[in-house]
Amino acid sequence: MADARSGDALASGEEMHSFAQALYPICRSLTGDGVRKTLGLIKQILPELVIREVPTGTVAFDWTVPDEWNIRTAYIEDPGGRRIVDFAHHNLHVVGYSTPVDVTIDLEELQQHLHSLPDKPDVIPYVTSYYKRDWGFCLPHRLRETLAAGQYKVVIDADLKPGSLTYGELLIPGKSNDEVLFSTYVCHPSMANNELSGPVIATYLAKWITKIDRNYTYRFVFVPETIGTVVYLSNFLDHLKKNVRAGFVLTCCGDEGKFSFMPSRTGQTYADKVARRVLAQLAPDFIEYSFLQRGSDERQYCSPLVDLPVASVMRSKYHEYPEYHTSADDLTFVTPKGLRTTLDLYSKLIDTLEGNRVLHAVVAGEPQLGKRGLYPNIGGQVDQKSVSAILDLLAFADGTNDVVDIANATGHELSTLDALSDTLIAHGLLTTNVSHD
Amino acid sequence: MADARSGDALASGEEMHSFAQALYPICRSLTGDGVRKTLGLIKQILPELVIREVPTGTVAFDWTVPDEWNIRTAYIEDPGGRRIVDFAHHNLHVVGYSTPVDVTIDLEELQQHLHSLPDKPDVIPYVTSYYKRDWGFCLPHRLRETLAAGQYKVVIDADLKPGSLTYGELLIPGKSNDEVLFSTYVCHPSMANNELSGPVIATYLAKWITKIDRNYTYRFVFVPETIGTVVYLSNFLDHLKKNVRAGFVLTCCGDEGKFSFMPSRTGQTYADKVARRVLAQLAPDFIEYSFLQRGSDERQYCSPLVDLPVASVMRSKYHEYPEYHTSADDLTFVTPKGLRTTLDLYSKLIDTLEGNRVLHAVVAGEPQLGKRGLYPNIGGQVDQKSVSAILDLLAFADGTNDVVDIANATGHELSTLDALSDTLIAHGLLTTNVSHD
Amino acid sequence: MADARSGDALASGEEMHSFAQALYPICRSLTGDGVRKTLGLIKQILPELVIREVPTGTVAFDWTVPDEWNIRTAYIEDPGGRRIVDFAHHNLHVVGYSTPVDVTIDLEELQQHLHSLPDKPDVIPYVTSYYKRDWGFCLPHRLRETLAAGQYKVVIDADLKPGSLTYGELLIPGKSNDEVLFSTYVCHPSMANNELSGPVIATYLAKWITKIDRNYTYRFVFVPETIGTVVYLSNFLDHLKKNVRAGFVLTCCGDEGKFSFMPSRTGQTYADKVARRVLAQLAPDFIEYSFLQRGSDERQYCSPLVDLPVASVMRSKYHEYPEYHTSADDLTFVTPKGLRTTLDLYSKLIDTLEGNRVLHAVVAGEPQLGKRGLYPNIGGQVDQKSVSAILDLLAFADGTNDVVDIANATGHELSTLDALSDTLIAHGLLTTNVSHD
């Protein structure tokens, strides 16, 4: 288990940021070649990634897989023939899932299809229309205000027709069938924190996990948000309910903001307990949100009939930073440092999960630490803080508490308690069994 | 159930205040014709009211129904022959359950039988001596201080002899045998908040309930306080313990003070849960008292061997307003507005009870609201607040939470959640069963 | 039970302080004649005390009884032949369990065996080396700083060889086999609060208990700390786990500081509940420490495989007062007043344990207190506060609450509730059974 407790093999922030740069220009949506291309690049780093296609029309719980959308070109030409909005410049310019169009219309009619943000006049907003057939363009409000009356040529060269929904899945087997789930989404066009940070962290976390000695089996899911998650759950719900001990939605995790915690619906799952403790220790100024403020795939994972132990550790939470869902959510907002510090925290969370176990003292009373070289005979020869951690660990090792519980009860650091547990087990003073509750 | 959710049929404050004026002059006590006359007037509004007589000497739990008391005349004449205190002017002038007397005594002896309040010198206090045979007069302290030495003629023309205790009961059947209980008392002479507000609200709440579509059976009890409640409980305890899901003592509920909440003994019954939520929403500045400050019939309903789920929603609580138990507690303190706003709150409490149900989501994951016209396809077309309420309702509809629990968990309004529950049940997205816990 | 509720028979502070003075000069350690002499003096006050010897080498849980240590003489002579440190002056001068020595060494070598406190330069520190063979002297830092270079003669005339560990046990039988345990230690040399206050309070508390009418059986244990407790537990663990309902470690309980409370490991045992209530009432400014700050034999009694309901009520807690573990912890720090107020509190704690019982109301509804002379017929004739206590007691006497729970719920005083319980039981209004949870 030593590997699991070292950050040595973690990817650098720069490597992750480079990968985000490679993914950034791709026009992703719920379906289509952008998703395939994205998963293809991830598979170059995680060769075991399995990419699956689910045909249009497939029913999943209450949903049906929609037509596949692919777009080639899209632009608006002003009355003077100037291409004033061009998909080639930024893929946020086109409303996601826009139907094809090739018309010349006057400004008044065009305005019905334009989206901009008066209070953020310099950015392009992100808009989709997945389930209602429509088309539209997004543009900075400042540009929109310059539009003069006249005839505008509008072209969207796109397909919206039966095809499939694409997702990726990676299973990294461990000694146990018990699983830790990570889920992230691959359905947003060129945005960095609210898209790429999730798959990038997932990719490099998975890569690191393949290299550590692990008890758990790890499942990584790269899906389009909502519909992809519903499709995935509808296929594997029984298995997941049986095996998943803790899960995390990876989203908005690449900037340098404070850590944010979105608990599960009950806030009382194993994922919640472990994440709260790791955050309390490593990022004590983290913000805990209410489940009422949820907004990503915990909506699916925590729904009453699914009810998986899934929480989310983020940096600046969706809806809570001004760049959210605009062209300003770019690769200056997501940084190498932001990515790496998030990866660090998730690696510690995995260390904690791997090292966690219910502990039970073996001898009645306190053991005689002195005869084992664990107690100061005359003050100062043994680290008093360490003695205190040993005695507290033994005092709370009552067969109901796991390492995280004992850290909660005593305030000693998880890594200290984990290492001391190993020592005391080796000395025959503790017994253990893996914890999953 | 639409009727239950409308305040249209509620009596006006003026109508209720007029009824209080009609009841005000009657000299009520634990027993006697004042109680009968009061119940007779209530029966004119609630023809189904059943009036019962329980003979003197009847044993009820630890108590025995006392002799019946009726009074005709009572006065004190001063040494000059002036009638300075006269029951005909205010029935608070005579100590309740006074024995008959017709004597001429000197001032010193008379003083042993006088009651006044030095710190409230202008009001007549309310005093009784139910279980110890005695007689006395109550008067403003300012008047008492003017009494000169000399011989006073004292007359109380009253009967205190075997008869019966009288109470009223109204059962309004619903679809279910599960009952909601309202209990109020009819044993105080001319006082308004701490007497008439209770029976007046009870009368008009019952009248409204007869007109609504209802699931619950409603039981209204008009009894003399303590002894009447004990008599009633001793007759029907098994039935009540089996059927009553929530109950409320109606008292001190006609003034315009803040709402007050007296929880049940445990504070954790269904009545407590629903009342707290309704108050939190409709009267968020309400005062929650401790059960240690109880003082009305919750003393009987919540006693350990009775243990019914009975709480009390009041306005200015007994003991807590200066007019309490004096002639100043009159029909200027109780107002049409005070009565009506209390009736409003109780009608909403009944709406909540009627609409409350345990809810369970039917589909795994979030349902696709869009295809049902419940979700904005492009921002702004559907009320986002309503979408949030739908998603929160579904998220917490896990088969353990009822509407009140979901309101507590999410902060959405009870009426919003109730209406959305109907909608989602109609769309096949929720199932339900009535809640009673 | 009247005796148990009176402080009359309690020893005076002066009597206890005199006994502490008699015990003070004795050189106690884990083993040896100092312990025997101490137990012998206690047995003069408690003739039923049983003194037991456990041979060196006896295995107890994880520990082995060490060799017995006895010391006769010890001193250091400076190069001028002056006896600058002498065991005869203060037994703290010698490190506990020092091996015999008789050498002349230079100052540099001597310094390796000296202990002093630079930040408390005028006191002799308390140092032991129980499980590592060594020798040493303790002295005021100010004296140490005066030592000049040269040859020092060092003599410790002591035995460290097979013998036995000595402890005392007193069982005071009650009507029930349920036990209350008091444990104190007799292994420190001349220190007052952190040694003598414990055995002195234990001695006089036991003496008082022998004189009261008692339900519980009381067990007093006088042992060397840690090893003695482990030895005791290893012999009687099954019996103790079966019978002990509440236990208390008596230590640091003779000064005049605020009361301190050390809860058990869970903080939720019967001992915790009763002690917290008694403290809340009698010493409301008491300090509750965390079990993480434990430091005496609750470390053994509360260890996971022992898990007895043992807490500790102290005055100035070990580690928390500057005199702790130095020669300044003497009989000016421990006072007659400090001893007596502690004895008072423990006697009240025993009163509470003896009087505590689960109560159940007998009649449904409130009983008619008036016919029993317990209720004011006309205001003011009966103590309203007492009526309120009666009604609250009856209201919470639901067959799950004991007197302590009812005091917690209502705020009425334990002695009031206890006395009223007797009255109401006598009136047939309450039933009871002894409480142990």
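Letters A, B and C name the chains as they come in the text, with residue numbers starting at 1 for each one.
Everything below uses one rule, namely that a residue touches a chain if its C-beta (ideal position, glycine included) is under 8 Å from a C-beta of that chain, and two chains touch if they have at least 3 such contacts.
Note that the structure is a prediction, hence the values are computed from the model and not measured.
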Angular offset of subunit A relative to subunit B [C-alpha, multiple of 5 degrees]
120
Between copies subunit A and subunit C, are the contact residues mostly the same numbers or mostly different, with half as the line?
different
Measuring from the mean C-alpha position of subunit A to the mean C-alpha position of subunit C, what distance in angstrom results?
55
Where subunit C touches two or more other chains, by residue:
none
Subunit C-facing residues of subunit A, complex
360-368, 370-371, 377-379, 391-392, 394-399, 410-411
In their complex, what parts of subunit A are in touch with subunit B?
61-64, 95, 127, 129-132, 134, 136, 226, 229-230, 233-234, 237, 265, 291-292, 294, 299-300, 302-307
